[in-house]
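Each of the two complexes below includes chain A, the first together with chain B, the second together with chain C.
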Partner chain A sequence: MTTSELSTTVRRRDRVAVIDLVGGVNARAEHSLDTAWAEAVRELPDAVVLNFRDAGYINSTGIALIVGLLAKARARGVPIRAYGLTPHYREIFEITRLADFLAINPDEDSAVRGAERSST
Partner chain B sequence: MSALTGSFRRRFLGRTTEVGRSTYGAAAQPAAPTDEVAPVDIAPNDPLLAYLQSASGAVDVDVLELDSPALAALKAAGVKLAVPLVSQGELIGVLNLGPRRSEQEYSADDRKLLDNLAAQAAPALRVGQLVRQQQAEARTRQRFEQELEVARLIQQNFLPKQLPDLPGWEVAALYRPAREVGGDFYDVIPLPDGQVGFVVGDVTDKGVPAALVMAATRSVLRASAQRLVDPGAVLERVNEHLCPDMPAKMFVTCLYGVLEPATGRFRFANAGHDLPYVKTAGGSVELRARGMPLGLMTGMAYEEKETVLAPGDSLLLHSDGVVEAHDPDGAMFGFPRLKEAVARYPGGGELIDLVLTDLRAHTGPDAEQEDDITMVTLARTAGAAHDAKGSVPTHQLVEFDVPSAEGNERLALARVSTIVAPLGLSPARLKRLETAVGEATMNAMEHGNGYRADQPVTVRVLTGTDLVRVQITDHGGAPPTRETEVPDIEAKLAGLQRPRGWGLFLIKNMVDEANETSDGGLHTLELVMHLVDPPVARGEGDDDDDE
Partner chain C sequence: MGDVNDRTTENAMDTAAAARDATYWAKAVTRLNVSEVPKGAINLNVTGKQLAGPIQGFGKMWQKTYQVRLPRERVSATDLIATWKQRFPDFWPEGNLFYGPLTGIAPGEVALLNMTLPGGMTLSTGVMVLYADEESFTLMTPQGHMFAGWITFSATERDGETVAQAQVLMRASDPIFELGLTLGGHRQEDLFWSHTLREVAAHFGEAADVDTQVVCVDKRRQWSRWSNVWHSSAIRSAGYMLGAPIRGARDLARRGRTPD
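Take a look at the complex of A and B:
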């Protein structure tokens, strides 16, 4: 079976970069995530927001990729936020303690506002 | 006269002075005590034999010159005339005569008379010899048959009179002794907590000695099983008991397993016995455990293994009489053929019948059975199992294979979700089960099967009144737990742990129970979810608006 690869787009909302994730976050998503991350941090944003609203299946390899992004973000001093997670994946983010290192917001506006508040 | 026997040990018992007073072998009455002389042995290679065989009539012993110890003995005994007794061209005796009492030489008429007598006596003597020989053989046969009957009685007396009636299981057994009665045995032992012990064994040697050792082994094993339960410990104790009194060159091979009928858990240890086969969804596999035969040496330890017999699985315990049966060309039935039969045929009594049919086809219908044949089967019926607590019957809903290819875990989780959704699991818990199934399948494909296309992952879904079980089986075998590292996100962010390694952690946090089993060939992860939410939730709401 061929899983749908993750497609990403990077948007700017003021000093915040938003990465839209569309598709499954699994082993095949690594290249897309890395590319999007590189583009998102190119202009030194105050924060990066991951939009999971259209992300489908997230497996343990996808979790590992997100851990990898967190490690890169920590190294650059860039906070990460997330929104659009289903209750199920929100629970997984809590169980894995991803939620301790990545603020989870219900929608994009609150995520961006939260990022701006943190940077001021 | 001395009669010849088949062994060509000749005895000279009588000394005659007249023709009419000669004696006939050991059964003859001597004419008078003074006529008796010491027996004369004629060795098979003594040239006197060949001489007498070819002689045309009575032979003068005194004038005969041969390098023959027997001839010397005859001369020393005072034998003057030796008259060969020949029947159908075979020398069967010799009529030995001493000097005539008249002290005259034997006349031509005497010799003619003796030759005529020999010609008539030889066939009668031959008939007598054959009758005695047949009587002796009949006595030997009778004694042998009596011993075999005793051996049969001992063995049959110690076989189970009836097999246990285990709900959800079919237990069948066959013991078919060879004509010479080998040392096979089997036993079924009720144990505490509803467990059942199964034994199949084989004593070296045949007949009464093997039967007696078998009886002793069975008794010690039964007593030890009640006290110890653990199969390895039981065999260890049996070995210690048997060793001091085991006859030379004898030992016992034995497989002992303990079944928990409620869960299908089967723990076993093996003392050098033929490996049992278990039929699973993935084919038939051997159940391996190491251990020396019983009674050889003290201080032996017996490796203990376990497997879980899922609904539809069946186990065959067997003796070497099956695999070592030969065809007319000398080829053995063999382990591969038996393994294939277990994979191909249904379990239980039907498996035994079909294996016997295959055996008959292999050996030929009229071939004599070479060794005892023993088979014991345990089949867990596909439609009815029991949950881990043994109280709630479960039913298999579906079993399917997923090819080991990247991404195929989504096929498994989607199909399981479709099957389980109508059962009443809350949407949040269904999502958790999906994730656990996806992770378990991914682990099975990657770590168990190495993403080999020819090794699919088998998924079974079973349900009862208050739970659902998903069993995911790969070909990875032991060790049961592949991810031993507990993931720590701080360590991962600090580069002290690799980013991956979340699979088993997620599985265990997603379902109510996750149980791993391995039998050396197959590895199964069983996921259990209760249909009713547990009273203490992990903080989740009824979040059914997923994706």
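Take a look at the complex of A and C:
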């Protein structure tokens, strides 16, 4: 399936790192996600928030990559949250049971606030 | 300006892909249900179970990738996946049975697995088709399976070759399976998927070597998940097999009481 390459940017909101995901999350997204993760945790944030608002298509390989991020976050003891998921992808996160480990918020403010709370 | 146009085109492609996407993913299920049990299959440890992904398992998290390369002129990626879906059980090692749904590998369908373990015990479990498109499909395990995770089968075209791949992302479900994996289970699994990929290649007339890559994604065990052992398909399958003589005697007695 052809979708656009994933591009990522990392922003800071206080002590929380926000990773903006733009484009498809699939096998070709691995390098971009790894780079963003390395940058996000470089300054030892209290938490990391994934912004899926502009993420396009997510396939099962993309979900596996997100699981990889969860494992890295767990190894570092960094809470991880998400927002901007469409109802369809919220459902996918429920089916794959990612939602058991990744808090899903309706917007960035609540994700950042939740991340701050969960890290204290 | 060109960048803006490129971005607009990419966004349109993503929107179209997202619209198609709904048909590729399974719908939400709380507990698995086997609609039809094929003749000869043991339906155990599947009905009523929840799905379990790699983060619900107990053991270390592993990503295992098995690949074979075929000449592109022999088969395209989409044709390879179509064949793999259609003939999925044919490529498995002998003694391991995959009872797929009659409708084939499609999102949301549940398949039963009857696997022969060392010692001759039959382990009964299953998988659900989590995702399926023209270039890949993913199976996810239920509670009690040997491992909690998913396996993605895919094909891509690179440098004049079609690369067929099976990628497993998993944790052992419980402490007993974790011990089993450490004591040779990982090797058995590597042999299993290597065999499968060699058979896929052989189907297209290629005697291909299998490239295996194993990465430990998370070295820590999730001790809070030790109680997954309650669902263990190995223990429940063993109980089922041990109960076979009693079930047989009961059936005979029932038949004896039934008038001709």
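Quick note on the criterion: the second predicted complex is superposed on the first by the 117 of 120 C-alpha atoms of A that agree within 3 Å, B and C clash if a C-alpha of one lies under 4 Å from a C-alpha of the other, contacts with A are read in each partner's own complex, and residues count from 1 in each chain.
One rule holds for everything that comes next: contacts are C-beta pairs under 8 Å (C-beta built on N, C-alpha and C of every residue); 3 or more make two chains touch, one makes a residue touch a chain.
Remember, predicted model here, so these are calculated numbers, not experimental data.
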Task = State whether chain B and chain C clash or fit side by side on chain A once the two structures are superposed.
result = clash
Ask   = Once the shared chain is lined up, is A:P87 touching chain B (first), chain C (second), both, or neither of them?
value = first
Inquiry  = Contact-wise, after the overlay, does A:G56 reach chain B, chain C, both or neither (first, second, both, neither)?
reply    = both
Ask   = A:G23 contacts which: chain B (first), chain C (second), both, neither?
value = second
Query = Which partner does A:V67 reach: the first (chain B), the second (chain C), both, or neither?
reply = both
Request  = Take the contacts of chain A with chain B and those with chain C, and give the residues found in both.
outcome  = 1-3, 27, 56-57, 59-61, 64, 67-68, 70-71, 74, 86, 88, 91-92, 94-98, 100-101
Sites on chain A touched by chain B in the complex = 1-3, 26-28, 56-57, 59-61, 63-65, 67-68, 70-71, 74, 86-88, 91-92, 94-98, 100-101
Note = Touching chain C in the complex, chain A uses residues 1-4, 23-24, 27, 56-61, 64, 67-68, 70-71, 74-75, 86, 88, 91-92, 94-98, 100-101
Message = Quick check on the complex: what are the chain B residues that touch chain A?
response = 405-411, 428, 431-432, 435, 438-439, 442, 487, 489-490, 492-493, 495, 498-503, 505-506, 509, 538-541, 543, 545-547
Query = Given the complex with chain A, which residues does chain C contribute to the contact?
reply = 10-11, 13-15, 17-18, 20-22, 24-29, 51-56, 61, 63, 130-131, 133-136, 138, 140, 150, 152, 154, 156, 167, 169, 217-220
